[in-house]
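After this come two complexes, each holding chain A, first together with chain B and then together with chain C.
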Partner chain A sequence: MAFDFNVILDNWALFARGTWLTIVIAVAAVAAGFLISMPIALMALSHRRTLRWIATAYVEWFRNIPFIVVLYLFFYGLPFFNLRLPEAIVGTIALAFFASSYFAEIIRGAILAVPKGQMEAARAIGMSYFQGLWEIVAPQTVRLLVPPSTNTSISMVKETSVLSAITVAELTYQGLVVQGETFAPFEVFLTTAAVYWVVTAIFAHFMHRAERAFGAAQGAHQARSSLADKYLLIGARRPA
Partner chain B sequence: MDFSVAALGGAFPQLLPAMGTNLAISLVAMLLALIGGTTLTILRTLGIMPLNAAIGVVISFIRGTPILVQIFLFYYGLPALGLDLSPIQAGILAIAFNSSIFITEIMRGGLSGMDSGPVEAAIALGIKGKVIWTKVILPQLYIRIMPPLVNELTTIVKGTALLSVITVVEVLRTAQQVANASFRPLETLLAAAIILFAVNFVISQSGRILETRFAARRG
Partner chain C sequence: MQMPAKASDAAVLMRSVSKWYGQFQVLKDIDFDVAKGERVVICGPSGSGKSTLIRCLNRLEQYQSGQVVVDGIALTDDARSVDEVRREVGMVFQHFNLFPHLTILENCTLAPMSVRGFSRKAANETAMRYLSRVRISDHAHKYPSQISGGQQQRAAIARSLCMNPKVMLFDEPTSALDPEMVTEVLDTMVGLAEEGMTMICVTHEMGFARRVADRVIFMDRGQIVESAEPSVFFDAPKHARTRLFLSQILH
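Right, the complex of A and B next:
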């Protein structure tokens, strides 16, 4: 079976529009999700047990159900509050809340990794809690935030494909439309997948540059003899 | 329209049996993924360049594309190749394939962090490669990577809900059918969400317990 490029060439405008919407939704949801996650992370670190419990429940709830279920809950749940929004907005909101639970865990971990003495010193010289957090602790977390946030953001780009289930005209939905017209599943879905592949690769590329710019720690390499490398090392890391 | 607690409670008897389908799919997919992931990992250590390059491309492809699109590729694509699969079979294959890629990456990480002593001892004793894998490396490796494997299982369970999109009658699709009859979509979907949450929560929490146990055992 030959790959029929005409299927793609005839419908390139649909794919292009879908790709654009996918990128817009992913960027908006990741940005909004990061903002939502900040108070959640602070609640998770709070001294008050109730606040900690709420944050834990929030994070565990979203992390343990599939995104498609979160999406449907928002899709059918928002009208209960008399909020009738376009599907693309509903999908972006759902993805933002879903992403926030992952970001909250990342931020919590990063703040915990900053030595306690930093905040104590900030408080001792008269800064308020939030001043200490913003001026002293936050700058030190950036280096720790970038690598896991990259992975989560890339996951969220991929999760946008689920929005096709509520007819948001993003890339996967356009793929389904073209598939319905052309009955060329291989051409259509390989192209769809390839576009995601490129988008996530570009995303990863920029995030890796950010990682280097922030001087992320390089993974420590274990010293050992090369006799067992034949079994234990795969790929590029095998010494020549 | 007000939220109906009765509708929420009433949905469970219909949804719980449907969750059995998700669990069955998950277990079969996990088993296939473990076999596939292990095979890929061993193949990758053989150091056959073209093969490693090809596997590398597939890994990058699977990790860089949404699982939903992969499911569509299997569901719509394989029949076009002449392979007649039911939605459930296509779904299991798609999830298992996706997962075996993630598992071989988990295994690669586990291997590179493993103590080389036992393997060196086995090589020094002249034990054959096949035996080194089955008796020396794999038993240690599986224990070592148990926490991320459990995590992968929750990913698989979450993936089964996506199969509703290709008409597999699992818990989410059942919820949609129930909602169509009862006109209570939010309550029914919330019930499905609670069931999926409960299953995944139990799996991920046992993963955490395992993690602390094995951390202690590894010293």
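Right, the complex of A and C next:
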């Protein structure tokens, strides 16, 4: 049995449309998920126990159930509240919330890695909590955020395939359609796999470049002096 | 309870301030006044509550009971009074806490612009004036990690001064410095004292205390044990605990 290229050539338009939708959904879900995760991360770092509890519950909830179950909950849950939206939108929303729980943990960790004295200095010269967060803490987290965010984003690109379960016509769904018409599953899914690989590789490449750009911009002044090293050590040993 | 002659003479008033961390009482019913233009040095063993005390003055720490008034503004739970007080109180930290992603100049102009609403031009002028005063204007465009520890601490002092504070708090400003850099920072602080700045310094630099302090305070286990002018404090301390402490740090 030979690999039948005609299966691909005859149906390239379907694959192309599926790929495009996969990219659009992934980008939208990652962007929205990142925005949603910011308040969650801040709540997780709050002094108020109830806010911390809500954030923890949110993160634990999404992280401990499979995405396909989250998707079904949104798909059947929204109509239950009389909210009827196109499948692709429902799927994107579900993925955004799912992604936000991972991003929230990443952001929380990055903020915690910035020495406490930075926020204290900002507050002491009269800046508000949000000014300190935005002008002082956030810029120092970027370098720490990029690598784990890349990994999570790539996972989310792959999770879009689950949306085929609610008939969103993304890449995997189109693969299933072509397979149903051609009865050539091996050709179809090898092609699908290759496309996912290319999409995630391109994605990773750009994130890597962004990472290096930030690294270069910060490297100039973040080469640590011996004094800065000492400061980090002392900082680590001090009681919180 | 000592009261200043007139309330308006007081830069700082602390009345029966107590603070607990869980069961542990860090500050025990503290009464503490600082007059305008006065220089007070606070010393005491590690863990005695020195940092906690001065951090209560700009609400970096909360306290459970008592009252704090800074420059006539009572600190309340109201966020506005806290912001108001913080604008009038500068603080210099042991580890400088300069913002590593900003140049020295930007470190100095950020708050005047975003908090006081200065134009960039006005903020730059003010910053350059204070940076020259602490003698690091040559390094204005460098990042904190590109200058020495002593220079960083002087930059941190300039950053505070740019907000034109009425009171300056120092929390062991020289104890993270290599010995050869201590003098340059102390000299900057002496200069500030000579200009009449109200200063509250936690430090164990007793030479500095003798030279500039109007009053030296010894804290132990959350209490102010001794409070006297330097000559009395060093040469005739009243309390045994003060004598023991002095013998430990002076030898």
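General observations
Throughout what follows, the second predicted complex is superposed on the first by the 215 of 240 C-alpha atoms of A that agree within 3 Å, B and C clash if a C-alpha of one lies under 4 Å from a C-alpha of the other, contacts with A are read in each partner's own complex, and residues count from 1 in each chain.
We adopt the following convention: contacts are C-beta pairs under 8 Å (C-beta built on N, C-alpha and C of every residue); 3 or more make two chains touch, one makes a residue touch a chain.
No experiment lies behind these values; they were computed from the predicted model shown.
In the superposed model, A:Phe130 makes contact with neither chain B nor chain C.
Ranked by how many residues of chain A each touches, chain B and chain C are led by B. In the superposition on chain A, A:Glu120 contacts chain C only, with no contact to chain B. Residue contacts after overlaying the shared chain place A:Leu73 against chain B, while chain C stays out of touching range. In the superposition on chain A, contact of A:Phe81 is made with neither chain B nor chain C.
In the superposed pair of complexes, A:Glu60 makes contact with chain B only, with no contact to chain C. Within chain A, the residues touching chain B in one complex and chain C in the other are 222, 224-225, 227-228, 230-231, 234-235.
Residues 115, 117-118, 120-128, 131, 135-136, 139-140, 218, 220-225, 227-228, 230-231, 234-235 of chain A touch chain C in their complex. The touching residues of chain A, counted against chain B in their complex, run 1, 60-61, 63-70, 72-73, 76-77, 80, 154, 158-162, 164-165, 172, 175-176, 179, 184-186, 188-190, 192-194, 196-197, 200-201, 222, 224-225, 227-235, 237-238. Residues 1, 3, 41, 44-45, 47, 52, 56, 60-61, 64-70, 72-73, 76-77, 80-81, 108, 111-114, 116, 119-120, 123, 129, 132-133, 137, 154, 157-159, 161-162, 164-165, 172, 179, 185-186, 189-190, 192-193, 196-197, 200-201, 204 of chain B are the ones that touch chain A when the two sit in their complex. By the touch rule above, chain C contacts chain A in their complex via residues 58, 60, 83, 86-87, 89-91, 93, 95-101, 110-111, 114-116, 142-146, 148-149, 152, 156, 159-160, 163, 176, 178.
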